[in-house]
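This is the structure, below, for whatever I ask next.
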């Protein structure tokens, strides 16, 4: 008989999983009964390493829940209250290709934005939709919590093409919130931030402490931030400060991923330098970190999270997942920044778009909170990237080459139609095994 | 030196005030330092009775705060953290005229809806705007909490024509919520209701308990409700059940004021019968209740709220005011149904409309929560009444006779242009002392 | 071999048909090859009378085209360039019921507005959709020109549920235009009128002569119009002037059907008086006119349109049909007021609504012209009636009793839910033979 | 006494003026009484050359109207029925700077798009607004016909900040229409093209001949168009064909200016090559053409338009101006593609945006025609550029440096914030004489 919450983790063999398990062990109110790691057969060995290490984490803690690992996704989905989706189609090798193909043409190669994120979306959307279809059939009351990147597009595809209950997450908003809380020496609970935009393309318009607007203070702080201080920001992307003239022109706190849009030249030079100096793309670097991480996970003496994990880039990943599950399962009403159906929270995007904004979370799910009109300073970029996202989703679902090219043309990081055409050719060819919808 | 929250009550001589004071005495977290009753010189005597009785309520309780009464509004506004507005321009005599003029022409005469509410809005909006102008000048950080009816229109006028911070309240949504909670024997905290619409024209689309949708159950309950059971509903309007065929056609829980829109004939017959049988309009009945209430208030032995107060019609009035002030002052994040700027929560109304919907309340104020599109079944009525409201506001501000007539023509309770024309003539003539903007 | 335009007239046995044929004989540019009257077998005898009379009209003129009559709709549709739809489901007997049922409950009974128009829509929409389905299958390039009432709702149903090319017509806009042109002694060609609204619920916001705005002049003229002068207005509805205070409040020229909305009491008294004094409803009166008309049509000496036809109410019917067909067939670019997809011409209605507004007509079809925002003075009424129309269409298509009741509740001419419920019962019962979708 | 139309040409000393005068001499229906060239004192000598040559054109023709030239703008505006605005703030020298500043940073330098068009807009908008203010005061019934570039932004600034009657023109839409008409050997009158978008950022979605959609044919033609055939396109921008894969992805006919957005790399290489090989920017080339043109204009034997004028890039300039004036003055109803208030013709842009779409032109002015939703394939780009335009307009009006930078950041041709910052510095410094609003 069921006595608590059951969680299935799709992509359970991920190196992030221990961080998640560790977070679940810190939970106060949520009675977790069972966590089931799920992965594809090719990932079974890695998953077993993760499972064994996570079991040691559990044994070492004073919380208890059942941990298991399986390749039988069907069973795991049927059983779950929450399905955490964090899989990666094609693994780090595919990511490495996503990062390197654009670079060949002098274009930013990145996991979630630009042509790299586009390639990843083409591979991932059909798999995510199939997962959702299965879940809807087996267990329509379950929640699918999506971390799979590109998180905004995946969530929008799920909401538009499937009937399941789903919410998309990213750790950037909470990282910004916690960073500000630490800088101000206040509890995160008294901070409220007006995020607006899309996943990896968002802005904090206002920051409130105890209901008082302190945005000018935060902007002043940002302007004077040293290169040094910025190092605690989101991993996964190079650390950069923001020029004061930029914060004067767009007086909001930009998501660090805005570096790719606004400082495209700087970011590109860094990526090219990393190739030049042998460091390789981020995927290559992550592969090395992961290899070392898995070595540490395999060490039977390792019963706590390794230091190295933080370099992997998942800070607050479990924090936000746990907060969300608590709110949903226990009807704890909370305001969180999530990827959710727009319903006109952003007045300049279609109602059925997915946006990254503050939402009320409780037992009913997530409802976006209305806000002032999107400022003209960022409206054009947000609208353009949403159009790119929607073209990408349609291309991925329909296997439509024309829409795929139109998506790349619309993406602000792709500089011309000829380059877009060449990159698309390379993406379709090198990912052919993962893109049956484009075969003909 | 200020040590706690200071509250000014505009219209402090109202018979409702003791209910409010009683609510303030039940507050747990909010440190109230001082409550100042404010009224016009003509109301000084009544206010003194109220003050003295309220002082006895305070003395009789174990909470303490300073209570004072004044006709110096300027000083009271300058001092307040919260201004509670509950005044009535022209008093119950004006209300009696609002109710009787339409009845002369066979038209519903009611305090807040139809031609009666229209007359009240013409009188009240300029006074409310002047109050807000004064507050904005003296004390722009203060919150104006509006109970003055017609609450939705007043709040919209304040938000469109003044710069103050204001939120409009009504006790109907909380009454529906509490009634359902009692019927289900659950705490109101676990209930979440999707209200949508305008003040005194709203619908509960979905009712959730612990995040689970129980709307069908509630609708079934409503269909089988006896005339008897309905008696605990909102005072101030005759009690009626809803025909099952109506709840089948519009499967939502209607605000009791919908009786005036959907059962206009029944309500009109009741009003005419009350005249016939000498009971008089509701204002006349309320005058009698008030006379008796004031007698009881004057009794030095009376140290608790009189039974009779409940018949006056302000159930949960103080509850909702206190909840709101707590959330604002203490940054307690709460979901409440309030009158708030739409910002596209209702997709079929202008963004700067005021609507009555669930909102997130915290130290920053109220932000409407997005929702599904307004159902076609009630969309036409809501849009029509909002157009009526906006014409009324513009007519009140501009003293524009043409817009006043267009407002009445747009009101669903006014049956023809000739009758509208006659009613408008009567209203302008009989309220001339309160409508300087229409003099010419 | 086809040498010119072929026209099919659905409901060819109508007493209006001779007016149409007469108009086709006046055409200059359009080479008409053939006109086929189509009717149901029950109407064959009446159609034969019409055909024979129309043949005499042709013989008597100096234009020639083939005229034929058939009950084989299939063949006629397959052959046509234009299908003119002017049928009436249930004939004048059904109309008589539409007019009398509401009157039983003290409610306006009218052919196209209120509960009468609602009943007519329920009967007619499924038949119109079936006609369109057949046409789409047989002859998708043909144009369906809809005169069948309620014309706006039928056109919207066709556009939303079928894929054919269709435009809806009414003779009111052209009648207003011609009346103004005559009053000003100018050619209709130099007049441009900003109509806005819905079929039988429209307003002329601005009148231009040679590009110059003369609206104030026209309004002044309307205010001073005698009861006498108004007699040349649209037949089918009682003639009334507009009170000056009304034109001051809503400074636009109202469609005469606005009398039903704004002077409901006056119109109702007239309808009741007609019953009282034995004149009967309009349908009863029309039956008498039609009996006499058919007698005259049968007279072999009658080779011109009888005087009496004008009382029947189809002034400019053929004029507007011919103008439309010319523009479509000959790619003559013209501005006409038609019932057409909104596409945001009216900013306060959904893009897929059908509205009655100025449109560019040419070989491509009709495209609504953008305009200033709908004035607040009429916005509420237009939105409410559009919601009523959409509920009615959905009820008619789905046979959904709840939506049917919600439609009546939303209609401004229906005064209460109980009356709506009773009227709906009567409509469904008395029209059962024509409403299979509601049987169950 | 006035006997005909009076036209004032602001920027009358332009080398384009003879083309305009030549067009006015071809007019059939419009009775032109007088044309007044207006220029600033610094341009008096050039204007006199133009005037003298144009007088020879008139003398040489069989049409007659008075031609005069003046630096008294005040008088000319007060007198005019039509004001044709074609001035250039700072002349070709300023244009040369607009083209060369961005190139310094490896960014497209162009007169109307990208950072060059932005600089031009900053200089031009205040001057255009001052002209409009003067016209509104002196002669509010006159029409301002705007050719001054960037034409869309100037027109939007005029409509948002002034009350005059204005319509913006560009010769690209008519050039596309005429090119297609010639290719098909049909009269332009039977062609109808669904343009959508913004000035220099538009797309022909559908092409109709006699109401029949022939778009696929035109697209096929475009795909097979040789580099040679493309040479008859719009002057002023390098001639390029469109890759078939691009027309498959975005199946519409792109405005030639789209080359800057979609083939940015190719266009940039051409611009850099022109610098390299000593040809210079387009402004430098135009200066040479103009020098030669003025030499020819000064030749007393020159009584017809010189061949060379066509290389200057104003094909159909007078054609479209004359068509527009005829429609406005004679109430000739015509469909033309102009720059006009959106009013929701494009569903994805604000109602008060100026867009380049088909409009009905008659004595009342221009009214945009509604259309299907903007296709997702170009929606993002159109929205982004409109946001850029609005930021630019606000920056120009307010002298707001932050908005100016935000505008450049939003422009798709500006690659990074650092480059935007440097370009803005250069623009503000090198144009300081023309940008008093940015001095501080």
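Here the chain labels run A, B, C and D in written order, and each chain numbers its own residues starting at 1.
Just so we're on the same page, contacts are C-beta pairs under 8 Å (C-beta built on N, C-alpha and C of every residue); 3 or more make two chains touch, one makes a residue touch a chain.
None of the values given here were measured: they were computed from a predicted structure.
Peer 1: Chains shared as neighbours by chain A and chain B?
Peer 2: Output, common partners of chain A and chain B: nil, no chain qualifies.
Peer 1: Stepping chain to touching chain, what's the minimum from chain A to chain C?
Peer 2: So the least number of steps between the two chains is 2.
Peer 1: Looking at chain B with chain C, do both copies bring the same residues to the contact (over half shared) or different ones?
Peer 2: The interface is built from the same residue numbers on each side, given that over half of them are used by both copies.
Peer 1: By mean C-alpha coordinates, which chain is most distant from chain D?
Peer 2: Checked the centroid distances; the maximum from chain D is B.
Peer 1: Let me have the rounded angstrom distance from the C-alpha centre of chain A over to the C-alpha centre of chain D, please.
Peer 2: Going by mean C-alpha positions, chain A sits 45 Å from chain D.
Peer 1: Averaging over Cα atoms per chain, report the distance between chain B and chain D in Å.
Peer 2: Distance between chain centres: 57 Å.
Peer 1: Show the residues in chain D shared as contacts by 2 or more other chains, in ascending order.
Peer 2: none
Peer 1: For chain C, which residues are in contact with chain D within the complex?
Peer 2: Those in contact with chain D are residues 190, 192, 208, 210-213, 328, 331, 333-335, 342-345, 347, 351, 360, 362-365, 367-373.
Peer 1: Chain C touches which residues of chain B in the complex?
Peer 2: 243, 245-246, 248-251, 262-266, 348, 376-377, 379-381, 383-388, 390-391, 394, 401-406, 409-410, 412, 415-419, 421
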